[in-house]
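As structure tokens, here come the structures.
Each of the two complexes below includes subunit A, the first together with subunit B, the second together with subunit C.
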Partner chain A sequence: MSIQENYLKNKKNIFFSENKDIQNHREKLINIFENDRFDKKNNESLKNINLKNFIDFKYKYLIPEETSVINNNQENSYSIVSVNGQCSNFKDDKIEITRILDKDYNDFSKNNSIENNDYFINLNSLFLNSGFKIIIKKNNNIKIKISNIITDDYLTIFQKNNYICEDGSSLNLIEEYENKNNSTSNILNVIKLEKNSQLNHFLIQDNSPNHNLIITSHSSCKKDSTYNQKVYNFSEGYVRNFHYSELIEPNSEADLQGIFFLKDDNTSNNKTFVKHLAEDCKSNQVYKGILNDRSKATYFSNTHVDQVAQKTEGYQLSKGILLSDNASYFSKPELKIYADDVKCSHGSTIGPIDENAIFYLRSRGMSKIAATKILISSFINEELSSIDNEQMSELIQKKLVRYLSKVK
Partner chain B sequence: MFLEINDLSVKIENKNILKGLNLNINKGEVHAIMGPNGCGKSTLANVLAGKEDYEILNGRINFKGNNLFDLNIEERAQEGMFLAFQYPVEIPGVNITPFLHSAINSKRKRMNEEEIDNLSFAKLLKSKASDLGINIDMLKRSVNTGFSGGEKKRYEILQMSILNPDLAILDETDSGLDIDALKIVTDGVNKLKTKDNSYLIITHYQKLLDYIKPDYVHIMVNGSIVKSGGSEIAAEIEKDGFQKFQ
Partner chain C sequence: MNSETLNTLNSYSKNKYKYGFVTEIDNEKPKKGLNEETIKFISLKKNEPDWMLDWRLKAYSKWKKMKEPKWANLSFPEIDYQDIYYYSAPKGFEKKPKDLSEVDPKLIETYNKLGIPLEEQKVLAGVAVDVVFDSVSVATTYKGELEKLGIIFCSIGEAIQKHPDLIKKYLGSIIPPGDHSFSALNSAVFTDGSFVYIPEGVKCPMELSTYFRINAENTGQFERTLIIADKGSYVSYLEGCTAPKRDDNQLHAANVELIALEDAEIKYSTVQNWYPGDEDGKGGIYNFVTKRGLCAGRNSKISWTQVETGSAITWKYPSCILKGDNSIGEFYSVAITNNFQQADTGTKMTHIGKNTKSKIISKGISLGKSQNTYRGEVSFLRKAHKARNYTQCDSLLVGNQCGAHTVPYIDSKNNTAVIEHEASTSKINEDQLYYCRQRGLSHEEAVSLIVNGFCKQVLQELPMEFAVEAQKLVSISLEGSVG
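Then we have the complex of A and B:
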């Protein structure tokens, strides 16, 4: 079924389809899809992916029967179960959580700068069927854990979430994706950090082989705010993690980290685009991958330093270990600098595991497989030991042990 | 015979390195091999330890009655062979203490001995480190990472003292060491020397052999041993160089 047919058949179940402005906008998007008008040259949303799976899809969405639950189980700590991209409304003096409503179309309908030429963001804009808004109120320090659950096979979730951290607030957000069904989740997170706020965003991804997870996030940071993102991808299905970050006011910071563990024929596509638009801002990116069998990964990174963004610090680093001759990792870190007083660097090292290190460890009596596993663990040791949440650290370690048990 | 090397020929990347090398080492003996750069000394050390980059063209090696070529790298270590590396590899993220603990237990397991528990191992490590003048803080660091040349060599000897090998191969352990560090390292080796273990010391210079007295000295040139004798040979080399043997 074509994208147009899918849309016309299901538009009643898609948000904002009665709104005239949005209707016009979607017609333009459909026109792009139907006439194959994507600029394919250097289009990172189309690289290293079998697009056929995402063009000839059958739209299917089920409104969850059971209301999702929010537990205020301890002070300043909340648990959200998001079912098929929806959750319950909740409000207290610290946070406010609301499902998407038709009246929210101004907040949710257009994806402006990030939509441009990104195939999956355009799909998300077209078929939006779920999502929520979370506001952390001024000067509150909050922890939220979101379990993302998909209830049925063959669902197509097009979800958009808005996060707003008001002045002086802090949010520790842990998102878990552990779905075992044949579905596709296309999720767009739009994150606004007001002055002096902070969001520590952890994403743990561990889906089954037939579950496609496409996550795009967009953060904008005002003065003295910080966005930290850490992604741990253990999924056996396709995962795309794209992040767009805008440092719009002075002394704001974006720290992005991604670690992925791939095997079999799995693919992980990663992209970052960080715009330094004010002075004294800092961005740091570390992406590390371990690839076995015939798995593939990409890391496209672009740090743009505007001419007003003096005293910028922007660092990019990607590293990969290829455990098989048939695994591949394509890395392309780029810096575009238009200011003259900056500290920026980029680097990338990808290769097989260090044979000299293996020999050294084996010469002390360790088996080859034990030496390989210890070297894989050491490769990501710095990132894993920096996790300050004990429960999450244990969870990641457990998943790492499971991954290592398959390394031969 | 503890170690018996017969007519060993080895090549790497189409280049013949060892050419019919013979060497016998008995239990409790200290042998030194001296030779010019590129003569094959380190190749011999690596082949004994089991490095897989080399192609064995000919020859046999027996170690404690076993055909060495039947044992892989870790089995050789577990059987009591130890190579102190010329250039110890830095391994960031692998902490020294659990690494050494795992290494000693792999050997004990092969010998059907009881594994050493965490507490006993910590005590053993602390005591051995103290004997070698190694700061306890160093044991909290990653293997060889950020170590000075002297620290790396001292750490190799610490590993040797923990693993207590039957045959220790010291591959240019003196290279890059100042005189004080050389003394600490060689004192450590001398303390470990017993009638039950043997040493194969590879070096360019007599200086190391002033501190570790060898029973036999061999001159290696162009992939084979051309002269063997006592420590007087080392003095001869120090005086005249290797030229006359080439």
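Then we have the complex of A and C:
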């Protein structure tokens, strides 16, 4: 079925299909797909992907019967269960949660340049069927945990979320993606950080082999704000992590980090992109991957420094360990620099586990497997030890142990 | 091309080819534009055998279906292939300056700064060579010596006539005509270039350079070079020269193929200093070069060294295919861009064999309003056990209107291979500058000293006499843009 037929058939289930303005925009997107203007061969967003699975998908969506639960049993701490990408409305003096509105759709889809080249973002805009918006009000310090639950098999979720951190606020956000029902989630998070705000964003991904997760985020940071993102990908199914960050006002910071653990025939595509558009900003992009069996991964990192963005510090690091001779890793750490007073660097390594280190451990009486496991744990120790939430730290340790038990 | 040049060329071509040819196409003048007639004309003019013409025509039919590669970080107006002369035979003496007094004084000034002897200056400036400097005799002395060792060093045209077996076997084997549009274009219309064959076990005693070749005078805009190093041999080849070269041709699309068999080593050094255009970015050469080497045998080695300071646009990726086990590929590059120059240059290391090693050192310096990109690909294929790569690419920015970009592609499919890549971008260190100035150097001298130090790792890879000139060249390229 073509994209257009698919869209027309399911139009009534899709958000904002009554809105004329949005309809026009979507027609344009359909045109891009149908006219074959889409450069499939050289498109980064499609590397290592069997595109057919994503073009010929069967659209299926269920409006959740039960509304999600929002708890704030502890002060300043909320836990949200989002069902099929939806969340019920909630409001108190600190946060406000609403369904996503057509205004938000326009806000992002029309003013965004990444969209034209990204197949999955276009699909997301086209088939949008869920999403919510969370506003953290001024000068509040909040913790939120979101569990994403999908109720049925073979669902296609197209979700757009908006996060707005108002002036001086601080948010600790933990998102969990643990699904076992062969669905496909295509999620776009649009994050706005106002002056002097801070967001620590943790994403824990652990899906079953036939569950696809495509997650994209787009954050923009105003003056003195900080965005920290940490992605932990333990999924056995396909995961795509594309994270874009724009530093639009001086003295803002973006830190995008991720680790991924792959095995069997799994694939993971990762991308981070930081755009420095103002002075005195800092950015850091660090991704580490461990690949076993026949798994494949890509990592594109990109630092763009605009001409006005003097005194920029932008660092990138990409490290990959290949445990099997059938695994493959592709990385492309890119720097685009148009200002002269900058400190930018990138480093990238791919290789096996250090043989000398293994030798050292084995000479002290350890078995080869035990030595390998220790070295893998130490490889990502930096990322794990920086988690200050005890509960989460335990959870991730558990997942790591599960992954290591399969390493031979 | 400006209209004056066109007129000169026009009148020249009319006069030159009015008489003489017998077959149908003979009456045709070398018209502007690219079509089968042009190719037949070139082939006939070079007196080529039929198989060569067929080869060219095949390449042309491929070119017709191709588009220029667009992925590079370059912007330039569309090239009108039908507005170019594809056969520019050696220019008549009437166009050449008679002595140095007729040559652009700016050019002479640069020559003096580089310390080029007067006789050589004349050659470089295009003063009618035969009158002033007996390069022919120099060339022939060397030629005799080379012949004794069994080394073949001649123009590619001559090789097609005299060594068709080698040409048939190797030409286009590393860069197939259908590789991309510039290689197809070059394969269809190449007119000149060098051919080198080093026989088994021979170490070439001198650095081979186009300068010594008899017909090196007009290197042509579509150069094709083929170097074959047979088992256990060694050759070092120098391309280009350090002095700026005036050239009327706007488009250059050269192809260079290197083949190193078992235990052989090829060292290829380039200093490219074509006309970069003026301060406002007008004019200048578009340089689209494809260079590729194949380490075919075990323990073979190919080493590329390049210093790129000229050309309005540089599109150049000397690459190595490391097929033989234990083979080594090296790439050392300095690219300096000033004013409105754009350079997108780098390398490609493809590791196929076991224990293959590669090393990439790239230094980019951008000044003025220029854009300088390093683009490199390192890939380890499945069977490249224990392969090793080390890449370092550093960029230096001088001024706040230029850009420095790094785009590495790293692909590993083998779990015993190790790859390391590091890159940094910064401006000239204030402390270093302060230190130099404190010791009495002017700002310009200090910058030049620091930049030379920055490039040293690469410059020291150049053959001795080249290295000295290259260092001066780096200083000259920086002139007028600092302080």
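Just so it is clear, the second predicted complex is superposed on the first by the 394 of 408 C-alpha atoms of A that agree within 3 Å, B and C clash if a C-alpha of one lies under 4 Å from a C-alpha of the other, contacts with A are read in each partner's own complex, and residues count from 1 in each chain.
In this text, a contact is a pair of C-beta atoms (placed from the backbone, for glycine too) under 8 Å apart; a residue touches a chain by one contact, two chains touch by 3 or more.
Computed from a predicted structure; not experimentally measured.
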Clash or fit (per the criteria above) of subunit B with subunit C on subunit A: fit
Touching partner for A:His243 - first (subunit B), second (subunit C), both, neither: neither
Partner with the higher number of touched subunit A residues, subunit C or subunit B: C
Touching partner for A:His211 - first (subunit B), second (subunit C), both, neither: neither
Partner chain(s) touched by A:Lys282 [first = subunit B, second = subunit C, both, neither]: neither
Once both complexes are placed on the shared chain, angle at subunit A toward subunit B and subunit C, C-alpha, multiple of 10 degrees: 70
First (subunit B), second (subunit C), both or neither touched by A:Asn381: first
First, second, both or neither for A:Tyr329, with subunit B first and subunit C second: second
Partner chain in contact with A:Lys230 - subunit B first, subunit C second, else both or neither: neither
First (subunit B), second (subunit C), both or neither touched by A:Gly351: second
After superposition on chain A, the shortest CA separation from subunit B to subunit C (Å): 11
Residues of subunit B touching subunit A in the complex: 49-52, 72-74, 76-78, 82-83, 85, 88-89, 91-94, 99-100, 102-104, 106-107, 110, 142-143, 159, 163
Footprint of subunit B on subunit A - complex, ascending: 354, 356-357, 359-368, 370, 374-375, 377-382
Residue ranges of subunit A in contact with subunit C within the complex: 42, 307, 310, 320, 322-352
Subunit C residues within the subunit A interface of the complex: 71, 382, 395, 397-427
